[in-house]
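Per-chain numbering from 1; labels A, B, C and D assigned in written order.
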Amino acid sequence: MSAGHEEDLVHLSTTSRVEAFSDGVMAIAITLLVLDLKLPNADVGDGSLLDALLVRWPTYAAYLAAFLTIGIIWLNHHTLIAKIARFDARLHWLNLVLLLGVATLPFPTSLVAEYVGKGGANASVAAATYGLCATLMALPWSFMWRHLRDHPELLEPGYDATYASAEMRRGGIGVPIYVAATIVSLIQPLLALGLYAAIAALYAVTSQGALAPRPGSDPSGTADGGRR
Amino acid sequence: MSAGHEEDLVHLSTTSRVEAFSDGVMAIAITLLVLDLKLPNADVGDGSLLDALLVRWPTYAAYLAAFLTIGIIWLNHHTLIAKIARFDARLHWLNLVLLLGVATLPFPTSLVAEYVGKGGANASVAAATYGLCATLMALPWSFMWRHLRDHPELLEPGYDATYASAEMRRGGIGVPIYVAATIVSLIQPLLALGLYAAIAALYAVTSQGALAPRPGSDPSGTADGGRR
Amino acid sequence: MSAGHEEDLVHLSTTSRVEAFSDGVMAIAITLLVLDLKLPNADVGDGSLLDALLVRWPTYAAYLAAFLTIGIIWLNHHTLIAKIARFDARLHWLNLVLLLGVATLPFPTSLVAEYVGKGGANASVAAATYGLCATLMALPWSFMWRHLRDHPELLEPGYDATYASAEMRRGGIGVPIYVAATIVSLIQPLLALGLYAAIAALYAVTSQGALAPRPGSDPSGTADGGRR
Amino acid sequence: MSAGHEEDLVHLSTTSRVEAFSDGVMAIAITLLVLDLKLPNADVGDGSLLDALLVRWPTYAAYLAAFLTIGIIWLNHHTLIAKIARFDARLHWLNLVLLLGVATLPFPTSLVAEYVGKGGANASVAAATYGLCATLMALPWSFMWRHLRDHPELLEPGYDATYASAEMRRGGIGVPIYVAATIVSLIQPLLALGLYAAIAALYAVTSQGALAPRPGSDPSGTADGGRR
């Protein structure tokens, strides 16, 4: 078999396949969110569609927050996987926990859309459910980095235990922030909705750092900067 | 590790992965459209299924228009990404905005399917909602090309700032057209539905140009013409 | 940049990307079918779940037929794309028509599930709708092969206009068969349901041929037989 | 065409494409499960959202069990495919049966969620339906390995008929276990729910073995251990 043939028939590396499955789950979860926008016919009847749409503004706010959150998680996940050379069983499990959080997010998002605008105890419960799910999504990151710190042989060349330690600390910030927002949500559900959006935006800024060139890479950055 | 092994275990480039996630979102959005075709049992009862199907013709028109629109966006997106060597944070964000538009499209499509046939103010609101979402999908293209014009190092070899400038102008046409169609939809919703389909068809013709060989490529075109 | 680096950062060929998008649409369409199995709570109430499940047997038959149909289309599509070296605009459009048929199939499947068991005119309409959609899925194959016959430079090495001609004839058989089954469905909807399953099974056997070694390939078949 | 060009335009091997389609189906099935968590508005009304959520605990248990089950099947599928060099028609069909089981799982999961908490005959029927679907998912594994034992030329280098025999026996354990759990479910549906979760957990432990280095591989394990 010639070299040309070989190149014709490549296998993807294990991390590419984990990413393919994860990308699939995240792409579906982010796209399923639209189903909650659906307007029940009974809510319009012979009345004004415009009024029926406008009164549902918390639904759109929740949709945007959840879309942004999953979008950023995808971006960060993408950056994480680019630094991992291979997955062992523990990384697979932690990744499944992360995907559980992402795949479940449309559920609390629909609760927030439905109940936060109505106020009262139900608004608090809805906002807190979103917070618990977001916490579940924030948890695996630092556990993954701790495992990578202890097993730096799983990392791509150019990354080591020191790098993993730093990422473990950075990834650990999300959990207390989301726990705090969840507690706030019990008292001020609308404020918590704003907090969730703010955290997503904060992660967005942080992820820009994550997209920076790897340590010690070619300073010109053209080949490696946005390498994966 | 031998060269043969290396070829066995490839990583995808960053743009391939962005495309994989984008393809996922677009494939799901285009397939979720079918859920709106679903016929409520109550609409048939003991009556004629054929009548119940035929009276819903605006649903099928909206389905076809939305399917065609997402199909063409996929084609153009595919062509765009083939010209980008790597994604920086700004391109990632603009791509997420584009995906937000695509993922949201099933919602105004279902509004159009439900209300445009009924006429009145609700028909106008439904058609205008579709127009706003289509405008959101049209917006990121020229911003992406402007960013690529200012950072031609992000482009694949063979493309430069001049090329990006031309694409920026071409990509910018969509926004005023969709804004105009949205305004028309407020007065003549059914006409606007036709306009949306016409714009999709127009893009389809334009995208044929986009599928043409890259500038300065091998004139035989066999290797590079439909390169990606 | 070393050769090792190059191998690390591959781009997928254009046909791989078309297949990725097509695979996405087909994977989603085949998985969305399950939503029609959902049992309305009202249909059970305080009664027997077993009875409520058993009375819905046409739903399961329709589910299996549609799952099998999309599964086989995926298999044949996969085999088709392996023989195409690159996609031009016309192939892209024909592929979109095929995907339109696949993505739409869950709709007539749910009509069949709901109405074929009830008999009468509605059963005929439901079964005929399925037939029309299946015809739409059968149409693009021979058009694709005709285009490949006229542009053999789009084919992978080892395939030529003669091969494309033969495939065009083979691919063209599906259309009259599905048209005939659609006509039968107007008179005998339950029989047509059996016919649709039989056609799928027939394609299954035919696709085994399609999975055979390419003409003129290594007779040992180990490298090329199931090459893609 | 230079070697650099070749590497730019790779085709995926046939097994990568089977995995891409399978990953798509599994990613969608695992993500569609969330739709069952959706809380009907009527169940809350003016009452307590918290109460309405808590009373639905079997829904969450079923969601977690099904998510875990599909997650583990993905992991095992991934490990299986890494050992297969190419797919023939029989492997394609067995894989489709497996995907049929996975894609159908959200249906019995929703039955379990709805009826197991209510007790009585309906609880038994719901739990047994889940068991039947899980049995369908367990069936293809040993058939696949038997076929690979008889056709070891389909295996990747490093695996042989002896290895396939051992895997066939290991893969065959699932079927009697799920059949037994299905029988238990007729008498003790809640206990069966626990059994299904236990089987998933058992597979999880077993799959760790499946992730171990291939027989006769480089003892350092760094290159091949989690190879794919």
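We take it that a residue touches a chain if its C-beta (ideal position, glycine included) is under 8 Å from a C-beta of that chain, and two chains touch if they have at least 3 such contacts.
This one's a predicted model, so the numbers in the text were calculated from it and none came from an experiment.
Note on connectivity: the fewest chain-to-chain touch steps from chain B to chain C number 1. Across the assembly, the mean Cα position most removed from that of chain D is the one of B. Annotation: the chain C:chain D pair of sequence copies touches via predominantly different residues, less than half of the used numbers being shared.
Chain copies chain A and chain D are related through a rotation whose angle, from the C-alpha fit, is 90° to the nearest 5. A separation of 24 Å divides the Cα centre of chain A from that of chain B.
Chain centres here are Cα means. That of chain A falls 34 Å from that of chain C. In chain A, the positions touching at least two other chains are 3, 7, 9-14, 20, 24, 27-28, 32, 35, 227.
Contact residues on chain D toward chain A in their complex (touch as defined above): 3, 6-7, 10-16, 19-20, 23-24, 26-28, 30-35, 37-39, 41, 44, 48-50, 53, 63, 67-68, 71, 74-75, 78, 82, 204, 207-208, 211, 222, 225-228. Chain A makes touch with chain D in their complex at residues 3-4, 7-14, 17, 20-21, 24-25, 27-29, 32, 35, 86-89, 92-93, 96, 99-100, 103-104, 106-107, 110-111, 114-115, 121-122, 125-126, 129, 153.
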